[in-house]
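Just below sit the structures, each encoded as structure tokens.
Same chain, two partners: chain A is paired with chain B first, then with chain C.
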Partner chain A sequence: MLDSTGLFVLNLLASLAPFLIVTVSLNLEYGYAGIPNFGKTLAVAGGAFVAGVIPGRFLAFLFGIGKNLSYIDDNKQIVSAINRQLVTDPVLSIGIIILTLIMAVLIGALLGLLIAYPVARLRTDYLGMTFLAFGQVILVIGNNFPPLVGGTLGVSVPDPFAFVSVYSIFDLLPGEMRNLFVITFMSIVALLVFLFARRLTRSPLGRVLRAIRDDENSALALGKDVQRNRIIIMIFSSAIAALAGALYAMYTANVFSTTYSRTTWTFWPWVMVILGGAANDLGIVSGTFIFVAVRQIISYYREFFEPILPFNIVWLDTLLLGLALLFILIYRPEGLIREKPIKTIKIESLSVEESKKASIKQTSGFREELKKIIETLLKLPKKKETEEI
Partner chain B sequence: MVDILIFTDALITSSILTLLTLGLTLTYLTTKVPNFAHGTFASVGIYVGLTVSKIFHQSIYYGMLPGFILGGLVAVIQYIAFLRPMTKRNASTTTLMVATIAFDIFLIAILNIIADYIQIGFHVESRYFILSNLDFFVFGTRGIILVAPILVIAVVVSLFLLLNKTKFGIAMRATIENPLLAGTVGINTDLVYIVSWFIAGGLAGMVGSITTLWYIGNTNVGSDIFLISIFAASVTGGIYNVYGAVVGGFVIGVTQSVIIRQLAGIVGAWIIPYQPLIPLIAMVVTLLISPSGIMGVDLKAIRKRLAREADAR
Partner chain C sequence: MKVTNIRKTFGGVTALDGVNMEIDKGKMTMLIGPNGSGKTTLINVVSGFYKPDEGQVLFEGRDITGKAPNEVSRQGLIRTFQVPAPFIKLSVMENLLLASEGNPGESFLRAPLRSRWIKKESEIYNRAGRVLELLNLRLPDQLAGELSGGQLKLLEVGRALMTNARMVALDEPASGLNPTLAHKIFEHLDEIKRDFALTLLIIEHRLDIALQYVDYVYAMANGSVISHGKGEEVMNDPKVIEGYLGGTCT
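The block that comes next holds the complex of A and B.
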């Protein structure tokens, strides 16, 4: 059995992990590329819908369940039959997890390509409106097209994590064991995504994007393909966001299109990014953490607040949220932690003088320094050649 | 055959949309930022209407004046307290857009608190309510059917007179064209901005107070249902033109209510829930084909080009 502290931490991580993935993705778009994506929920819902559509039907076909039943109308029956078989088959379960995530990433990338089309053509303010509209489209379709995710009634998602509940450590209940495993898995994926984005933004692509964000014309003048780079980042970030949607859907084991509302999956990530500081890895992690933690604490002390306030406490939550965001935007628009210039390996190694000094001072890193100096010396003559031409 | 119910629905939808779009276009022209909280100004009006009709037991039409004032005040607060300081600190368009979204969240929270208070304190149904039974009747037709279009005409005419016949209106147009230059000739541009925001919020609040005669009222109606139609109408009509709002409002309003029902007759009733997609499609298509909207289409240039092509042939 988990005690209340354990439960608190677990719940915190459960919302931290998917939101961290979404904020990382939004940070790529807004922080590094300056694209105002107010339709973040499109990619997230896209990923979740993949989890709602594909694994269930695939498994029903594989196990031969519900041949005479409609997948949507008899959803509960079919999914519980699938779960009964899936529990005994860890290999297939893991295969399903991987398959769903890969499909979600692909669909996310496709959606990113779709919404990248206006990015290349419209100015910031029009772009914001268009993204908002795109975010709404998927919700309208999800709500009204039952074959997708059952319309407003939602669908259940087969639980590929259920096999863990057979094993038990620390005297945990089967359900808790399952949740512990899913949340650990989500956290690991979030960490991987975070490291990937960190690597991506330190790559030449990241530098080009920042250049485009700060001054499109100078980037153009330096021969950078502005539109192509923007499209690439939209594809990457949408794929990442879809991952979050799919993970969240598998964790909650169901998909309701109303869950993927504009407020939750577009505006909250925006608040997190702006609170922490755009284009700063540490910033967005702290922003996401603060946001999730504050909400968690408020809901934890719900019983305490409820008799005092003459209204539902949810509104106090959103009221403080909106107000906090407004004051941050006025008094500290760069967020809690400012964007810092990123030092890349190449720039360090290019300054020969400095690396020589460093090599004298630090004898321990002598070999690396020597290697760097040789590398730079090898590069320098090449540069001269090009200049002569 | 267009049936009478579809016709009235189209008329009322278009009228409401036009009045809301006029405000959005006005704020966009002055502040150069699409106000994502504009739909919620209408929600403010909705609750003014509810208060006047259900708590004070007056005709809901009396809610129009307090609706105008309250909506205008909320808009002015948004401008003075949040947008103006940000513009002074050279905030980017994206930052301003996020600020309007934040204000929207804040405003919706306040509305929800008020709605809870109305529900608990006065035992009045304050969510998903419709007040169509409070309407008056003229020769057997509902009052709103007459009031909505008359309101549009009155507003457009007075806006036209304001912008063209008064000194302040000319100052407004000058500020829209070039704020710096207007400032140098002694126009108080800040006052112009405040007045535009007041009119914009006021129109939204006024029209909001009577929408519940035709539509279901709730705290999220403005931001979830109206906002995208407003953007669509504004963009379709031409966001750089005040009168484009009228064109856009009617085009989107009519398409939204007529075309979907005609389509339902052909392909089946399953299509009706997809109605919200129509303004979205209209908006995306306009932005990709003619970003300056219907009023932005340069007819002269097209005519010239056609003539030239005819000559060439």
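The block that comes next holds the complex of A and C.
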């Protein structure tokens, strides 16, 4: 059995992983390309809906279950029949996981393409409002159109991870085995997404995106295809966000459209990105971690907080995070960790002769960045070139 | 470059009224005229930011009329802005690197594959190093948003040099600078013009300084060219004196 520490860590990772994927996606849009996506939930819910719509029906058809039943009305019955068969078939289960994720990515990309249309034509506040509307539309459809994901009652998602519960290591209970496996899987996917996005942005492309964000006209004047870059980043980041939705739906084994609310999957990721620091990889990781950890600590120690609070504890995390957001925006609007110029190549000196001789080294990445951040935090005196022309 | 009969109106205001101009290759051509005479509008039309109502822009024999700004700049015609428009959260070095064309690392498919763009990137890096040296702007890691006005002007010129531009249109490169710095900018431009065989089109009000460097002058007023020729000739043209210099030299 898992002890309380193990459970704490596992639960922390369970929210950290999907949120990290969403913040990475939002960071690509807002941090790098300057697109104010207030409809993040559109792609996330899109991915979750894929997990709610496709694998269940596909497996019911495959196993010949519920031919005379309605998939939505008799959902519990059908899905538990599917699960009984799925648990004995690891190969099919893994196939279903992969298939669901691929479908989610495709649908996410499609939704990205859909919202790329206003992105190409609108700017700033108008664009933000359009996004907000798009995000709301999918939730309204999910909630009021039962054939999709069961309307207000939601649908169960077949559990392709159930086969793991047959095996046991470290004397874990079957349910714990399953959760350990799903959460590890989600975390690995989140890590891969993060590393890929990092690789994508620490390149000349990342530079172009930040330039477009800073000054669109200048970027145009220098021959950069602003429109094309914005559209592609929208498609790419929506595909990533859908991945998070699908993973989360498979982990919770059900889809309620109310789960994918504006607050949870749009505003919270925004707070995480702003808190940590947009356009800084380490920044968004810390923002996401702080946010998720604070919420988790509050929910774990609610007995401790409850007697000393003059209001209901459910408001505590929202209140604290709201306050944190205010303080960040007033005192450190760039976030805890600021955006740094990206060095694709490390050349020590830039005088003509030396730059020719200088060897090209791979940037050492995170360790270096961490060192710099510690340096700035400690405010070590740093020599600054002040040569005036 | 050849501009024929360009007309551009904004609502009821005629900003450009049949402008004809011929700019010689490898020369520094200056565009003068009072405020509102259409100089910047002309640059906007030429660089693709505005579509002209009528007329034609030929660049190296090719018709670039009405093309999008990024297409025009890919043809080798780069412009700078009157108010410097740097990428403020990018370092000076990044601002320069960006300006270079044909970097394979800027494509979505190749960006994650470091080996595909690292060679080109290091070439651009070296070139940027030389440009910084040339402009005497040795602050590669400074954020562009933290530069002084003069340094920003230099950065604008530097960005234009990073491209494979064969022609650069500069909108008041020396405005707001002290005379020494203004001279320096024009010295740089002169040097660059010769080193890179560049064609330069410059809008400038600092006639005292600019006239020493330019090869040819066009004077505009009310949306049309009123005089053109060598610096001296244009300055002594009564129409220019009347329209621009305020008739004080008579």
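FYI, the second predicted complex is superposed on the first by the 342 of 389 C-alpha atoms of A that agree within 3 Å, B and C clash if a C-alpha of one lies under 4 Å from a C-alpha of the other, contacts with A are read in each partner's own complex, and residues count from 1 in each chain.
Keep this in mind: contacts are C-beta pairs under 8 Å (C-beta built on N, C-alpha and C of every residue); 3 or more make two chains touch, one makes a residue touch a chain.
All values derive from a computational prediction rather than experimental measurement.
Chemist: Quick one: classify A:Phe61 as touching chain B (first), chain C (second), both or neither.
Modeler: neither
Chemist: Quick one: classify A:Gly34 as touching chain B (first), chain C (second), both or neither.
Modeler: After superposition on chain A, A:Gly34 lies in contact with chain B alone.
Chemist: Looking at A:Phe304, would you say it contacts chain B, chain C, both, or neither? Reply first, second, both or neither.
Modeler: neither
Chemist: Once chain A of both complexes is superposed, is A:Tyr167 in touch with chain B (first), chain C (second), both, or neither?
Modeler: In the superposition, A:Tyr167 touches no partner, neither chain B nor chain C.
Chemist: Determine, under the contact definition given at the top, whether A:Ser203 touches first (chain B), second (chain C), both, or neither.
Modeler: second
Chemist: Who does A:Ile232 touch here: chain B (first), chain C (second), both, or neither?
Modeler: A:Ile232: touches chain C, not chain B.
Chemist: Where does A:Ser218 make contact in the superposed view: on chain B (first), on chain C (second), on both, or on neither?
Modeler: The answer is second: A:Ser218 touches chain C but not chain B.
Chemist: What residues on chain A does chain C touch that chain B touches too?
Modeler: Correct list for chain A: none, the interfaces share no residue.
Chemist: Can you tell me which positions in chain C touch chain A when the two form their complex?
Modeler: Going by the criterion above, the answer is residues 47, 49, 68-71, 73-74, 78-81, 85-91, 93-95, 97-99, 101, 103, 105-108, 111-112, 114, 117-118, 121-122, 125-126, 128-130, 132-133, 135-143, 148, 150-151, 154, 159, 163, 181, 184.
Chemist: Under the stated contact criterion, what part of chain A meets chain C in this complex?
Modeler: For this pair, the touching residues of chain A are 196, 199-200, 203-208, 210-211, 213-215, 217-226, 232, 236, 279, 339, 341-342, 344-345, 347, 350-352, 355-356, 360, 362, 385, 387-389.
Chemist: Write out the stretch or stretches of chain B touching chain A in their complex.
Modeler: Residues in contact with chain A: 28, 32-34, 36, 82, 85-86, 89, 91-95, 97-99, 101-110, 112-113, 116-117, 120-121, 224, 227-228, 231-232, 235, 273-274, 276-277, 280, 283-284, 287-288, 291.
Chemist: Show which residues of chain A lie in contact with chain B when the two form their complex.
Modeler: Within the complex, chain A touches chain B at residues 30, 34, 36, 38, 118, 121-122, 124-126, 128-130, 132-134, 136-137, 140-141, 143-144, 262-263, 267, 270-271, 274, 310-312, 314-319, 321-323, 325-326, 329-330, 333.
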